[in-house]
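Two complexes are shown next, each including chain A; its partner changes from chain B in the first to chain C in the second.
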Partner chain A sequence: MNRGAKVPAPHRAGAAITAFRRAAGPYLLLAAPILFLLTVVVYPLVYAVDLSLQYYRVGGFAGLHNYTLAFQDSLLGESLRATLVYAGLAMAVEIALGLALAVAVQRTIRSVAGRTLVYLLFVVPMVTPPVAAGVIFRLMYIPQYGILNFLFHDLGYRGNPILWMSSPKMAMFSVLSVDVWQWMPFVFLVLFAGLQAVPPDVTEAAQVDGAGGWVRFRAIEIPYLKPLLLLVLVFRFTDTLRVFDHVQVLTMGGPGAATEFLSLYLYKIAFKFSNLNYAAALAIYVVIIVSIVFSLTSRYLTEETT
Partner chain B sequence: MTRSHSRTVRKTGTAESGRARRATRVTRRALLAGAAGIAATALGTGARRVFGVPALAAAKPAQLNIGVVSGGEILGLKAIAPMWNKETGVRLNLIEYPYASLYEKMTTAFQANASTFDIVMLDDPWMPKFGSEAWLAPLDAAPFNLKRDPDIFPVVYDLGSWPPPSGPVPPGEGSKDRHIYAITLVGNVEIFMYRRDLVPQMPQTWDQVLAAAKRLNNGSKQFYGFTMRGAKGNPVISEWSPILRAYGGNIFDDHWNVVLKSAQTLSALKFFTGPLKAVSEPGADVTDAADRSRLMATGHAALGETWPAEASDSVENPKVNSVMGKVAYAVVPAGPAGKHTPLMGNWLLGIPKAAKEKDWAYRFITWATSAKVQKPYAAAGGIPFRQSILTDAGLNKRYPFFKAMADSLAAPPFWRPRTPEWSAVETILGTHVNAALAGTETAEVAVDKAAGEITQHMKEAGYIK
Partner chain C sequence: MPGAARAGRPWMSPRAARRMVLAGLSVLAVVYLFPFFWMVSTSLKSNAELYAQPPTLWPVHPRLDAYTAALVGAGHWTLLRNSLLICLSTVALTVTLALLIAYPLTRLAVPPRVRRGILSWLLSLRFLPSMVVVIPIFATVRAVGLYDRLLALIFIYSAFSLPFAVWMLKGFLLEVPAEVEEAALVDGASRWRAFFRILLPMLSPGLLAAGVITFALAWSEFLYALILTATPRSQTFSIGVWSYVTEFEIIWNQMAAMGVVSALIPVGLLMIARRYVVSALTFGAVREKA
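Entry: the complex of A and B
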């Protein structure tokens, strides 16, 4: 094009539109997800914070009153204790079992069909709605007609019927068993995927050097799985803080308050006591704890991978 | 419109006589329509006489929106809805919600003064909230002027009245004029069931219940003397409350002071968690209504409390009952003082103040609760509340628990404390009574803890100082 020639008006307009598109395009593309996040994440969070800063019943600005209330609430303490016991046991059992199964399948099942079958079997509990899982286990544990007590009877047990949900320890075992059944497969699948990333030549070399199964597991596989183990730990920990459905179906938090975990306690405060302000403050505490755990983990994982 | 047509005819004159004639025909048609309107009004008046309510000058709406709970409670309502549609030409639009959502939807609509519902179906523990917030239109005031019907138990009217005519009244509510705001549709009242082939004499007291249950209990054969609904929260409180009241115990006095720490309460709880539990199914502390009904219907229990809906759905359902015709019903047994104390749990119909079609809503309520309609309502599986229906010999053959319901409503039954705080109180008490039943707290500790926590809650709510 001749430099001295004038650019026709329609061309100038077209160039301006293109320039605008280039400049505004990324922002327009971002607008949709930002709007979505503002609606479903930021607004409820701001609303919850606003609720937590108001007095229950009388309304008005309460400052940190609802937050300090938590430190005087002995029932919250009991609920926290139960939640931590549940979370600790669930994480320990699920990670130990999931890891053991992942290694076992990795070393023993080589065929694609066999592995596919294992995947399918392990996916079923994960896609079962937690309420349905609760109902299934309740039907198994109910002492009067549950299948477990019948099995024990067939195996020769003649004592009193086992009360699977009636003592604090048994109730904890019962709700824990549902969690393990449903979420151990998640641990298995993540760790099994991690084991695929272990270079075969490293393990083969170790085998040639005479390393046994335990040594290979401890010295080669575990270091490779370390970031994934941490990830699984964090996911399971945050999940156990939110556990609700199957516990509500199985024990309703009982006997007494033995399995009244944090989410059930929160539900009780919000919907049975109608104290949305205190419940909002407790929910904000949970969000803070989960955020801290996530940020520490992600920082650690970033350092590990760089 | 007719007048404007006539004016048009006058203006156009003779030159347009053809068109004028057509217009005249229109006018005649309009006159005919007017006559038909008068006839319809006359018929309408007649129809109102059938409804048994005063004439109301409301135009006929296309439909009435009624917010209802989904589940067995609306079985009868669903059966009579086509009858109403046919008789009136006004479609009954049942908007169903699960229990928890219904309350939330209704309170949200009331707070916004929205005319979402013309009629609402409410559980009786919600009455204190709805009454104190004045969300419902009074039925015994103008323009409805509902009059008490001797065929309806007085307690039914009392249950839908606010402020409550007996028992403690929430702070600030006592000075309000008392009105009836809702009328029962589902006459739920807790009754007692027992195997008539095994317990020939109807148990009159809890001691007789225990004696019969001890005699029949045989755990090794999975046959239990008593079936106990003891799951945490509402289930165990519904089960234990009649025993608490029969023993002379109570939660509040008439001034909301917590009177749970009493010898009567302790006796009632020790009886419940001791000898009665010993003759009940294992795991009574996790047993809910469905488990209890199943045990009775499948011939694994001899005695127990029940709600009419459970009896209708399960115990008297030939598809699941293996002991058909062997279960009899009675009013819940009396305690040491000789007083029968069944618990009420009615579902009521009310008209929101913001409803658009109040007149037609009132017509529907009086129609649905009339003796004429309650019969097909009950025959279809609805839980009735009228004395004449509950004592109807034909209906009692199909639903043998109706007579026990009539006796229970006449007892009279007691209602849950009339306060919006009931949900919290029930949760606290339901946790500790369940703990006592499971054996993780002694009766003394359970009563002590429950009384302390309820007192604290009622103080925070401003009921006591």
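Entry: the complex of A and C
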């Protein structure tokens, strides 16, 4: 206080205001968007917890009733199994194909024009709306008009027409094919970009030492791609867990429950049976699973957040 | 060692390998382009031609009837208008809010812990399945009277575009050297002036890319629109595309026409921002050069 008296008062107040503005400024800017996100995203999640703790229809505090219900729900079990089959197959095929393609293109296509062409070919399906992708494939799979069965006929297939969307196995194949068609390019483009980070002299040195293609793949390319492979795995896993749009266009979860993946099952519970309480409990389970996956992997997903 | 002797010689000559890859890519090109071709071809057919056996590969008398029938006849142009309104508003709101986050995080004195916390929180939102959020949002939106309103979708699309938009703009902001702004500040410009006159113009490629990708994501969205809208007053174009699926007898050429319009807009737009697509979808973990 005493020492402060030496400084002319107005100046001191001005300095304090400047200091305050410097410290508070960032938070004043951040306040609006953060508040917005809290309202639109976080509040509903809190509300979901509230919903999940109430009885369906009659209301009132239900404790963990809706959460334990899940363990007796055999349809949920079926849905989970279908989801895991879908996620597993989609990820396996997409990563195997995408990785092979990335390495093959990296090694054989050198011209800029060639690479641009490949890039364009694979960016298009990724930006196609999933609903439109569903339409595209429905037009090929439908029994009456679908071109595929005619193509098979021309190629010499004489068996019964293939029921692409109405036999359980083929329905699973059909929805999977759309996923692979749309998202294998994502895996390819990410890994291909990753391969650009391999220093050319490392590859050259390996070649001089007589390393063949497979050795280069195992000893150089895979180690360089490891972080991106993890990224692709996490992104594809969380995305296949939420798959909905193109399934809704192709099979609507059918036949029976053959393609009734988690999101479609939740949709049925929440909006066809109007049981928001049970659906909210299931939603909270999903949030917990996704949070665990995220917290275990987030630090490897992006470069340090500078 | 037999392996060592073999290692130096590739098992396939480079030329043969190249040919194999090119053959594989050609097959993939067909797998990727034929479905699009088939949709466009179907959309140009007359109703009668749809029932031709076997189906015709090229439309015999290409016509735009299916487009006019779907957009004008069935009235789906209102959904197109809704979608455009929603997407443009979403872009404006998202880019503004994203700048409000990205600017202080990269330019002002924010403790590293806060910065990391906000960025990783935003990243985590990307992994939240829409179906999980929409269940309570549905109840909330009904309660506040925003059910079947464009505004509800604009808010939700903006919130869920924010994470990648912030990450993207953060990347662009870090590429503009701080000295540029500091020079302006030394010259007596206020922070506002330095921001609007100096920084914003330099950021315009980033703003354009973030805007285009936000637009495309909002345009493609289906689940929230399915649950939060009920009438053509607020339904989006994706719902219009989907509505054909639920009909008893599907009119294939109109459904195809809707699919073409639905795909054409984001594909066309993203040709502008194609260099940033993968980078945006991976939150900057991947930098492209294509």
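Worth pointing out:
Assume the second predicted complex is superposed on the first by the 281 of 306 C-alpha atoms of A that agree within 3 Å, B and C clash if a C-alpha of one lies under 4 Å from a C-alpha of the other, contacts with A are read in each partner's own complex, and residues count from 1 in each chain.
Simple rule for what comes next: a contact is a pair of C-beta atoms (placed from the backbone, for glycine too) under 8 Å apart; a residue touches a chain by one contact, two chains touch by 3 or more.
Given the structure is predicted, the values throughout are model-derived calculations rather than measurements.
By the touch criterion stated above, A:A258 is placed in contact with chain B alone, chain C being left untouched. By the touch criterion stated above, A:S111 is placed in contact with neither chain B nor chain C. Using the contact criterion defined above for the overlaid structures, shared-chain residue A:P161 touches chain B, although it does not reach chain C. In the superposition on chain A, contact is made by A:F271 with both chain B and chain C. In the superposed model, A:S74 makes contact with neither chain B nor chain C.
More residues of chain A are touched by C (comparison of chain B with chain C).
Shared interface residues of chain A, touching chain B in one complex and chain C in the other, are 142, 145, 252, 271. Touching chain A in their complex are the following residues of chain C: 4, 6-11, 14, 17-18, 21-22, 24-25, 28-29, 31-33, 35-36, 38-39, 42, 50-51, 54-55, 57, 97-98, 100-101, 103-105, 108-110, 115-116, 118-120, 123-125, 127-133, 135-140, 155-156, 158-160, 162, 167, 174, 216, 219-220, 222-223, 226-227, 238, 241-242, 244-245, 250, 252, 255-256, 258-259, 262-263, 266-267, 270, 274, 277-278, 281-290. Within the complex formed with chain B, the chain A residues making contact are 56-57, 142-145, 160-161, 163-168, 251-258, 260, 268, 271-274. Partner chain A is touched in their complex by these residues of chain B: 100, 219, 222, 224, 231-233, 281-283, 285-287, 291, 294-295, 300, 420, 423-424, 426-427, 431-432, 434-435, 437-441, 457, 460-462.
For chain A in complex with chain C, the residues that touch the partner chain are 22-23, 25-27, 29-30, 32-34, 36-37, 40-41, 43-45, 47-48, 51, 101, 104-105, 107-109, 115-116, 118-132, 134-140, 142, 145, 147, 150, 153, 181, 186, 189-190, 193-194, 196, 210-213, 215, 227-228, 231, 234-235, 238, 241-242, 244-245, 248-249, 252, 262-263, 266-267, 270-271, 276, 279-280, 283, 286-287, 290-291, 293-294, 298, 301-303, 305-306.
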